[in-house]
């Protein structure tokens, strides 16, 4: 069960410490992800040039690697940044966007896992299943599998990689291969705003930058995304206003509101 | 004249089938385009890596190629994806953004036309005229010509390429070289949101993925963009709120509202 | 002191002339920057391909170079465009995003300064200080220095480069090395929307395209950004709605409202 004192403490800490999060992410979501991290109180930086990724990651509290619109030069930078971060024992979050949709993505995700050893892997059901079973096909970047169907794959992936694995969906699951926690917040409308998943991964980076317990940090970040998403959907006409209300609520939500509304 | 039964049916079909649309588009509009496609019920994917474009396009209901911020590696990917889509008889939409503004853009648009044989070409007046008459200059990516001035160029382009050609503007024109349909919805305020035109092209891809009649699909997509744009502008203070209201209304509009509000 | 007649005249001129602004900027902010320029009445174009930057810049009223997410091919294009613009005596605005965060950025900023001779350089306190003193470290792309601390560096930089230098922060400073003007509008909430700084640089390009006095143009652009930001923050719940209200107000603000609300 989630420790509500710790949950409230971590949101407070994020706002006090404003951790610098280095994102190498896709160009569809960079703007939304950066705004969301600013709204919660973190300090995002986006940088992908091979010439500077090592230096940038050396001043960051977490590195988030997202393969949403990858190509070869970007992969080179992802690997360079990831190895540098791993070698100094820093936090790495991997979002294997579209794993299972093309071989290129599945293989790239594994290359990053094997060479950079991410602390946390977060994806939707199809993506996590595709990492374990190459025969699973994703429909583009959206999930065609329930999060619950992917839970066994997530446990296996966590054991194989020593990473905390998070599957997001109607119910979110977080596992380290042994323990499993679930979260039941969020709204279906969130799936109609591009980058909600990608931004969750960056939010996981934010919390992991201030809480050395990666399992708990992931749980807290996903709880915040779900609670805020649900609150925002209740006051939104559709996905257009949801996007705006989401960042407003991330900015105004109190630790107490977060703790009161989380549902497992 | 537009067949309102077909128009309503197609919006319904988009929401039921949620077609996967592969966009190789510019980095200015990717976020807005993806959100708009999600709001209408489609499933967008953005992917440009040479290693995966063929595989991605093979699972898509339509490929949308937009040259808004092109460079050489991207052109290579556009051509590879386009040829793969054409060889399996799939739908290709081309948006020749900025044709006429630089020689590079006009020539690239023609290269894509000649090698990929797009099903539909959608642009503003200047762009369509520049494809037919190399002496026409665009002012950057905005049109300096009325859509009506470009109609003869559009007919000629349709005949030369066997594509359905759509010119968007105050009045939108859709032609296959013989037939011409026009649409008179929309708001001037839409021109103050970047990516409205680009997103129209992706919306054309959405409707062409569920309606094999490319002429009718284009008409329906443009009708939806115009009607929703007009409804959104009526409740918006300016282009900031328009952006948000536009995606809300795409999500809430009923087939009946669409049919009631379309004006030719 | 700001000349309010000139300030009102320039906003009017921007709306009448709708100058074409060529931006080579980072992929985090392109969408917001383009929307903001459209909202104020300008005509933005984003283009970075080596094959077309010279031709694009030749039809533009100003070139804005922003190094927010730079890599080697982009730098080549920035230099090519900048040299072409300089050789015809056109306006160049440089935004040295993240100078001081990595050596790569500081060096690239200086390369652009030395080879393209920007008319105006706009950055936050840390960035301007880092250009003068290589030992100053930025925290990613956010400023860790007060604008006032950076004023001496700004004066020095202006003298060394013959550029107008603008530092944005709680108070904005504009200097040509001798004269200093300050502006005291704006809201802390603006720092929670990514791209506010970058978009200020593009706005400086807009005003410099219609006012040949670069010092005054910079003052007017920054006054508009601050006044509109402050008005928008007053009606916003948080950074989500601020983003939307900001572009609405840019569209609706009258020259008189601008002049009435500017504070030095």
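The chains carry the letters A, B and C, assigned in the order they are written, with residues numbered from 1 in each.
Note that a contact is a pair of C-beta atoms (placed from the backbone, for glycine too) under 8 Å apart; a residue touches a chain by one contact, two chains touch by 3 or more.
Predicted, not measured: the structure shown is a model, and the values here were computed from it.
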item	value
Chain-level touch network, classified as line, ring, star, complete or other	complete
Classification of the subunit A:subunit B interface as same or different, half of numbers criterion	different
Separation of mean Cα positions, subunit B and subunit A [Å, integer]	32
Contacts with 2+ other chains: residues of subunit B	27, 31, 243-244
Touch list for subunit C against partner subunit A, complex	26-29, 31-32, 68-72, 98, 101-105, 137, 139-142, 191-195, 236-241, 243-244
Touching residues on subunit C, where the partner in the complex is subunit B	20, 22, 27, 30-31, 34-35, 38-39, 43-52, 55-56, 59-60, 73, 243-252
